[in-house]
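Both complexes below contain chain A, partnered by chain B and then by chain C.
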Partner chain A sequence: MRKLTRESWINSSLVLLLALAPLCASLLDEPYYVNLASRVVIIAMAAVGLNLALGFGGLISFGHAAFFGLGGYVAGVAAYHAFDGSYFIGVIPGSDQMPVIWLVAVLVAGLAATFIGVISLRTQGVYFIMITLAFAQMIYYFAISFPTYGGEDGLSIYVRNSLFSLDTSDPLIFFGICFFSLMLSIFVTRRIMGSRFGAALTMARLNDIRLATSGVEPFPIRLTTFVLSAMITSGAGALFADLNGFVSPSMLSWHHSGELMVIVILGGVGRLFGPVAGAVVFVLLETFIGGFTQHWQFFLGLILLSVVLFANGGLIGLLAGRPRHD
Partner chain B sequence: MNIALVLEQLLNGVQLGVMLFTMASGLTLVFGVMGLINLSHGSLYMMGAFICAYVAGITGSFWIGLLAGALGAGVMGAIIELVVIRRLYDRDHLDQVLATFALILIFSEGTSWIFGASPLWLDMPDLLSGSVSLPGGVTYPLYRLMIIGVGIVIAIGLYLLISRTRIGMRIRAGENDREMIGALGVNISALYTFVFAVGAVLAGLAGSLLGVLQSVQVGMGEPMLILAFVVIVIGGIGSIKGALVGALLVGVVDTLGRIFLPGLFSLVLDNADATSVGSALASMLIYLLMAVVLAVKPKGLFPANA
Partner chain C sequence: MMLKVSQIETYYGPSQALFGVDLSVDTGELVALMGRNGMGKSTTIRSICRLTPAKRGHIVFDGQDLAGLRSFQAARLGIGLVPEGRRCFASLTVQENLIATARPGVWDYTKVVSLFPRLGERAGQMADTLSGGEQQMLAIGRALMTNPKLLILDEATEGLAPVIRQEIWAAIRRLKDAGQSLLVVDKTLSELLPIADACVILEKGRSVWTGRPSALSGDLRDQYLGV
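Moving on, here comes the complex of A and B:
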């Protein structure tokens, strides 16, 4: 049997902790903490999506909130039309079935990411950071100035969307759905990175000229990664809308893109479970520092600054040392 | 639609453009010389506006406030360069983005801690509160005209600073080959602090000047920051000339789009739809412009160090 490394020990305990905490909270009849755990898990999943592009692919996207928000808006708009029986652009009926919503969310984000990726991936470095930011802003302003779906005020989802015959309004069951989705997205990332495609992606990040000379075009590899990454983040967005019962343009804002990056970095770039660790720490900081001062972001800023300046490799890196292949 | 309205909006566009240039020139200099991507530039803009509003409130003079705003932002810029930014020059862009994002959080929350959440107001100086008649039947506010004038002076001043002075020569040399000018005995770290502080002064100046036209509040810097990024990406990062052209382009396109697109759409759609589609498209217009420019020229209109 393969010997477990320190990193895999940390990862397993993290997952175990994340699964057991809401169970305990549920037994103690504390639905607030179950929902908090769902929030952690969903944000972790969004960050897992970003980590695929940013960590494994080296594509520093500063616009992933766009995909997160798109997923959220798909859930919101579908539920809005299902609620009053109207049609989207006059032809497409709404839906309150999660599988349908997820599928549409993932497809919409995939399409958007293909369009954005084809243009943005022509550029590199700072230009890529800025152009992804600009596209995200474009979608943000579009959402703000579209009065049908709430404009600046956002859109409420009155009844949580349903999944087969499960009672999705039960916090624990909803947590289960989110947790399953997170594990699925980590599994998908793992399979991607373990495949030939993953090897090509790593090479595209480290040395794209060498990749090209060995007969693999880097551009399609990067584009596929960008699209897959957007799809995962968008799925998380759809879940997030259902968790809050609310979508607003703030899901699309560039602050959110920044936060997702922060989570990935905080946890450790390009590590499978880095985003999970990052999300746990981020949401706990937000909740607990936010509990005694409303200026919690001031302290978040200080912590983030020290992590960037002094702890390269993030939390998992701090605990588990450098990865063996880097 | 008459000529006077078009002219007036064109002037508004230019006014936004020169302020964007004031912001963007600092960003592009810092990127060109130090290779640093600085998200906290918008915070310096905000600090300028807050200091200006605060000092103007105490002394009762807008001009003292303006001076304090620009200098205060400059001092603030020099301090963050010395404490944080200089550790980032050798890091990759990702670390720079994150560290300066952290600075935004610290500055924004710090400011709302000190000044409270409600916005401050800056009164227009009496001297400039009137308006003037321009040829073509336009009456235009004197204050906005003054902003355009200041912008032009800054553009000329920067041009002279960079192309005619010794320090400008060093800045240009720093853009081309950092190690070499260090080897020739130029104090690189002092030069970097100077460049960063100049950018900060300009950002503070823009914040103080525009603080009169909008409310001075936390988060006011971020829309300007993003517009300034669009400007330098369109113009070519690191190029002052690009920043000037990009800023005027963005200012004029944004202003005219917001005024005329809804009207344009009402020719083909009915009124309510036209307004919402028109205004949605108008707010996306500059990003579309940027996407088109980058699709054609991935390094911007005037690529630096080409």
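Moving on, here comes the complex of A and C:
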């Protein structure tokens, strides 16, 4: 039997904790904490998406909030049209079915990421960061200036969208949906990175010239990664809109892109469960220290500084050491 | 003719590095590219691989002019490069290094591992945990897995322990015997010349002598190779 690495133990413990915490909260009749766990899981999923591009692909995207927000808006707009029986651009009916919404969210984000990626991936370093930020801000201002869907005020989702015959309004069931989605996104990331494509992506990150001299063009590998990463993040966005029953342009803002980056760095760049660890710490700090002071980000800054200075593998790196193959 | 390089001139920014290099490699031939340090051997290789494209002159590979191609396109035509300095991908395993960029052909994982059995023993090990010699074997193996028509080795035995160097030379001899076309840059002339079919000497960015190894006189060695 294969011996589990320390990182595997840490990852398993993290998953177990994340799964058990809302169960305990539900038994204690504390739905607030179940919803808090759902928030952690959804934000972790968005960061898993970013981690694929940033951590594994070395693509420092400062515009992933665009995909998170697009996923949210797809859920919001679909629910809006389903609620009042109207049609999107006069022809497409709304839907309150999660699978339909997720599919559309992922496709819309995929198309947007293809367009953004084709342009931005021709640059590198700070230019790539700035172009992804610029595109995200363009989408942000577009959402603000679109009064049909709430403009700056955002859009309410009056009834949580449905999934088969499940009671999605039950916090624990909704948590289960989010948890399953997070695990699926981690599984997909793991499969990608365990494939030849994943190895080629690592090569493109480490030395794209050396990769090219082996006959592999780095650009399509990076573009595919960027698109897949955006798709995962958009799925999280759709769930986030359902969790809050609300979608607003703030989901698209650069602050949110920054938060996702902080979560990935905090948890461990390029570590499979790094975004999960980062999201747990981030949301708990925001909730509990944020309850005492509105300057909770000062403490987040201190933790981030310590992690960057003393544990460049993030929290997972600090606990599990250098990454290694199972 | 598999590779024909005609009067190439290559620049690094405003600095001219090559002033007219000619060389050719026939199918199944091993050509030794020689010269002292800084004479343009690596730049010639970079030009052939389209990493630093030549501004003037022509490079024709397998009947196709390489002008305008990008490095990955040149590699896809069948130019395999083992760059100077054991360039492996450190955070990937040996197996991942080998299979990630593999293309179909006679060279597959099993065949590469039979050429370098140490790689098979260390298949799951990270590349940066290998010794220098093993990393060089991995670099050669990775290039072979792309099934190149022409394999270019740039200082493949430099800085290695004598025992490991012997293993690498044995592998190069096996490749030549198997009919692999090779362009080799190496300072160990005692190993290189006996297996070379032709030699090209570079001096200050120009090819100054081309011929069979047997015609390489002591005077030429003194004048251009400093040995």
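The rule is simple: the second predicted complex is superposed on the first by the 324 of 326 C-alpha atoms of A that agree within 3 Å, B and C clash if a C-alpha of one lies under 4 Å from a C-alpha of the other, contacts with A are read in each partner's own complex, and residues count from 1 in each chain.
The working rule: a residue touches a chain if its C-beta (ideal position, glycine included) is under 8 Å from a C-beta of that chain, and two chains touch if they have at least 3 such contacts.
Being a predicted model, the structure only gives us computed values, none of them experimental.
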Inset, instruction - Evaluate whether chain B and chain C can sit on chain A together after superposition, giving fit or clash. - result: fit
Inset, instruction - Identify the partner contact of A:L16: answer first if only chain B is touched, second if only chain C is, both if each is, neither if none is. - result: neither
Legend entry - Degrees between the directions from chain A toward chain B and toward chain C, using C-alpha centres, nearest 10: 80
Inset, instruction - Would you check which partner chain A:V159 touches, where first means chain B only, second means chain C only, and both and neither mean what they say? - result: neither
Inset, instruction - Figure out whether A:M130 sits in contact with chain B (first) or chain C (second), or with both, or with neither. - result: first
Inset, instruction - Kindly classify A:L107 by the partners it touches after superposition: chain B alone (first), chain C alone (second), both, or neither? - result: neither
Inset, instruction - Applying the touch criterion given at the start, work out whether A:L206 contacts chain B, chain C, both or neither, answering first, second, both or neither. - result: second
Inset, instruction - Could you look at A:C24 and tell me whether it touches chain B, chain C, both or neither (first, second, both, neither)? - result: neither
Inset, instruction - Check whether chain B or chain C contacts more residues of chain A in the superposed model. - result: B
Inset, instruction - Considering only the touch criterion stated at the top, classify A:L284 as touching first (chain B), second (chain C), both, or neither. - result: neither
Legend entry - Which of chain B and chain C A:L304 touches, first, second, both or neither: first
Legend entry - Three-chain overlay, closest Cα atoms of chain B and chain C, distance in Å: 10
Inset, instruction - Quick one: which bits of chain A touch chain C in the complex? Just the residue numbers, please. - result: 196, 199-200, 202-203, 206-207, 209-218, 323-325
Inset, instruction - Enumerate the contact residues on chain C facing chain A in the complex. - result: 49, 51, 70-72, 75-76, 80-81, 83, 87, 89-93, 96-97, 99-103, 124, 126, 142-143, 146
Legend entry - Parts of chain A lying in touch with chain B, wherever the complex brings them together: 54, 60, 62, 119-120, 122-123, 125-127, 129-131, 133-135, 137-138, 141-142, 144-148, 254, 258, 261-262, 265, 269, 295-298, 300-302, 304-305, 308-309, 312
Legend entry - Sites on chain B touched by chain A in the complex: 31, 37, 84, 87, 93-95, 97-99, 101-106, 108-110, 112-113, 222, 226, 229-230, 233, 237, 276, 279-280, 283-284, 287-288, 290-291, 294-295, 298-300
